[in-house]
Amino acid sequence: QDSFVVAGRRFSSRLLVGTGKYKDFDETRAAIEASGAEIVTVAVRRVNLATPGAPMLVDYLDPRVYTFLPNTAGCYTADEAVRTLRLAREAGGWKLVKLEVLGNIKTLYPNMVETLAAAQTLVAEGFDVMVYCSDDPIMAKRLEEIGCCAIMPLAAPIGSGLGVQNPVGIRLIIEEAKVPVLVDAGVGTASDAAVAMELGCDGVLMNTAIAEAKDPILMARAMKAAVEAGRLAYRAGRMPKKLYADPSSPLAGLI
Amino acid sequence: QDSFVVAGRRFSSRLLVGTGKYKDFDETRAAIEASGAEIVTVAVRRVNLATPGAPMLVDYLDPRVYTFLPNTAGCYTADEAVRTLRLAREAGGWKLVKLEVLGNIKTLYPNMVETLAAAQTLVAEGFDVMVYCSDDPIMAKRLEEIGCCAIMPLAAPIGSGLGVQNPVGIRLIIEEAKVPVLVDAGVGTASDAAVAMELGCDGVLMNTAIAEAKDPILMARAMKAAVEAGRLAYRAGRMPKKLYADPSSPLAGLI
Amino acid sequence: QDSFVVAGRRFSSRLLVGTGKYKDFDETRAAIEASGAEIVTVAVRRVNLATPGAPMLVDYLDPRVYTFLPNTAGCYTADEAVRTLRLAREAGGWKLVKLEVLGNIKTLYPNMVETLAAAQTLVAEGFDVMVYCSDDPIMAKRLEEIGCCAIMPLAAPIGSGLGVQNPVGIRLIIEEAKVPVLVDAGVGTASDAAVAMELGCDGVLMNTAIAEAKDPILMARAMKAAVEAGRLAYRAGRMPKKLYADPSSPLAGLI
Amino acid sequence: QDSFVVAGRRFSSRLLVGTGKYKDFDETRAAIEASGAEIVTVAVRRVNLATPGAPMLVDYLDPRVYTFLPNTAGCYTADEAVRTLRLAREAGGWKLVKLEVLGNIKTLYPNMVETLAAAQTLVAEGFDVMVYCSDDPIMAKRLEEIGCCAIMPLAAPIGSGLGVQNPVGIRLIIEEAKVPVLVDAGVGTASDAAVAMELGCDGVLMNTAIAEAKDPILMARAMKAAVEAGRLAYRAGRMPKKLYADPSSPLAGLI
């Protein structure tokens, strides 16, 4: 079966989803079930520890069924990100993590210098680091050399829904990578996810595109199918583009 | 369940496929089964009647399972097309047909003047006419007024694999149509099919994109998933595109 | 010098402009002067004949300097269009005309059946017919065969500013044409005009893109330069697109 | 007059050109004259010092007329780049320089970590540093904070001719920048240059698109016009894009 391996774990769903931005945890659960995702991201800094008895994500999504991937959403420096993930490891034993160090609040574009620094520290401390990054193939290769276990370039700014802006950059990253490459952020609708997979990505991570669709559950199903479609098309090997028409029903006989 | 109706018949698969261009009838059958298609097109002028005992499509695809849709591939005038479909009706009792009158052999672009004339005659003779046409919204509306039961604008030249070239034209057709609109011709890979469906088409017809993929069976599966994905995304209602980023994991607490 | 010939007249500016939608005739004149256009279109049905003494376009644009091209804007049938141009010929002696027969008010897309009919009549009556049409290469060829002296496919719906939506269609028209092909309608900004010219068009006609820019005079200058740029690039022959980088400064020595 | 200032010097041409890849120095000169460029880049490591008496660029392009901008093409580390520019300053007194530190030979994508390091050193040593960089808005801002006098993000890989791949990234850079932003690398034809300028860039630098056109002199003229067109369109403020048509010749009277 078609699957991919991150940090020694094998996954068959290539769609990873975030858990934020839903109306409530019931909708979160329903959407994630519909998506078929096996890995879900959780913003560590967003976990509500202050209100005892308040509903918690783990009451809705079984951590034995889903791989929880703690992320550093909201961190703007390497230090913040490293501290956040150390806490996550202490609190929940999480070793497989998603690092993101943001550059500013307006664009949520990654700060690659801080990201490199944080990645270096986290890898040295034994974390398995999946890393959100720009679509810069040189930086992506550097993150792999540091020891990150998955490279996660953006398709477009987080939450923009613009789709893959720079297919050339993504493709260059894929060509050079020896670890999985997953497009993270910027997908807006099903065809965007298919395009990402057709470029040869190992997976796609998204949140807003599902959570902010008019019907998140239907969109989760759409994204599940789109990621599968794009992956199959990549494996199938598409026909060449041609400038001119070509009869799809050539005359072979005469009635 | 989500389905669409053409000429009084209900179909749940929105992927229609051609039967030409495959290595042999075994591959044709395998690809079509993988595609989940319920309607398959057959080029009437291509049916081999000259060689008794030669293999025939109906030995591989059961006409009780699939809706065979005879088409007029290879016809360049209204007269030829009308005569071809009259023969099809006499020979096989086919009433639901696909009309295509081509403009020239280089582009296989439809000749809309001849197409209008043929449609008028065929409708008057009681055929249920699904019609291949340009992406011209005025001509599409005219074909509907004549009485065609489905409008099938091209995405791009037949066999080109270029994908939807003119989404504005396709969308204008859909907005005005009261009969199903199916994109016909020009799809190259899975995301192209998803894009067509996201525009609000009722279905997609393709042949070359599957038959000329490196692995036609895998691509047939990809296209099945892509059409479903695009349809679901259309029904779900995509998020708006935004110029700037938006945190998909807003800070709700502090660890 | 680089120039093109329509109906026996030679023009060196490849930018044609409309005269509607400006604040007043002073702005019309200033924008048209800045555009460098030699041909300007005039909507015959819009000419104010009802108010004697009201300002008239000819007071601002000298008909001895500019070629006035009467058009049939606002006509929805062949009959209306033919009658409009007969009146124009009687009133002003105009023989070189621009035919447009619209399909509906929502899209202003051409009605190609009516356009063919009108073209046939007008050519038979001795008009030199430049014709607004869809981007359908078969219809475009038919209009040429009827005897039209220039083919004017839309880039996108009139007034939409979307730019060339279907470069494949435009290119197919150009490849087959023996008369000038000018993109008409849909250009929004300078690069759109350059793209049209790079496809090999002989010229571009626009109105809204200039008249509805924040600064119409500056935009008229932009369009003049853009049409020249696109034409020069077409004649120069662009470099091939490459998947990978290529040093523009190869090492030839060592410091 | 419309102009821009880099490191205290005012320029009216917004097209900067490279000097490599031409057939001979005569063609280099003719193309550069046709381009109207005021700034030309010279690959320091490519200057032939080994063969006394060999033709030299300065025999063809007068350094009193053109601003020579030494670049570090061929350097893959900060150290190499810094040493190269120190030599350039010693040899020719050049203070205004273009820094590029490449990531690998296949893509010629910049190595942003090395670029940041080199920029810091060069600025500290008093160079005026125009810097080739990725389209990463956070890295671009960092380069400005370091003290670079112009930010030069790539449109696409050097020598690819693919045009602006990531307009969102370029626009984010422009919005945040307080120093000039020039698109560097990746332009293929005239409309690409116009697109870059319409995004609000202060200028465009190119080499291959001119030198490898079939007719480099014509293409140089095309690029001159395209940069002017794009700049004028940006200043003019384009019309909004609209989904539907809008009559450019509304009926105001009746003939």
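Note that the chains are named A, B, C and D in the order they appear, and that numbering of residues resets to 1 at the start of each chain.
As a working rule, a residue touches a chain if its C-beta (ideal position, glycine included) is under 8 Å from a C-beta of that chain, and two chains touch if they have at least 3 such contacts.
Bear in mind that the values here come from a model prediction, so they are computed numbers and not experimental data.
Set against the C-alpha centre of chain D, every other chain centre is closer than that of B.
Homomeric contact chain A/chain B is classed as same-residue, with over half of its interface positions used by both copies.
Chain centres here are Cα means. That of chain B falls 34 Å from that of chain C.
With centres set at the average Cα position, the gap from chain A to chain C is 47 Å. The distance from the centre of chain C to the centre of chain D, each centre being the mean of the chain's C-alpha atoms, comes to 33 Å.
Residues of chain D in contact with two or more other chains: 107, 109, 157, 160, 162, 168, 243. Interface residues of chain B facing chain A in the complex, by the touch rule stated above, are 18, 20-21, 41, 43-50, 71, 73-74, 84, 87, 105-109, 157-162, 185, 188-191, 193-195, 198, 207-209, 211-219, 221-226, 228-233, 235-255.
Of all the residues in chain C, the ones that touch chain B in their complex are 103-104, 107, 109-113, 116, 134-139, 141-142, 156-157, 160, 162, 165-169, 172.
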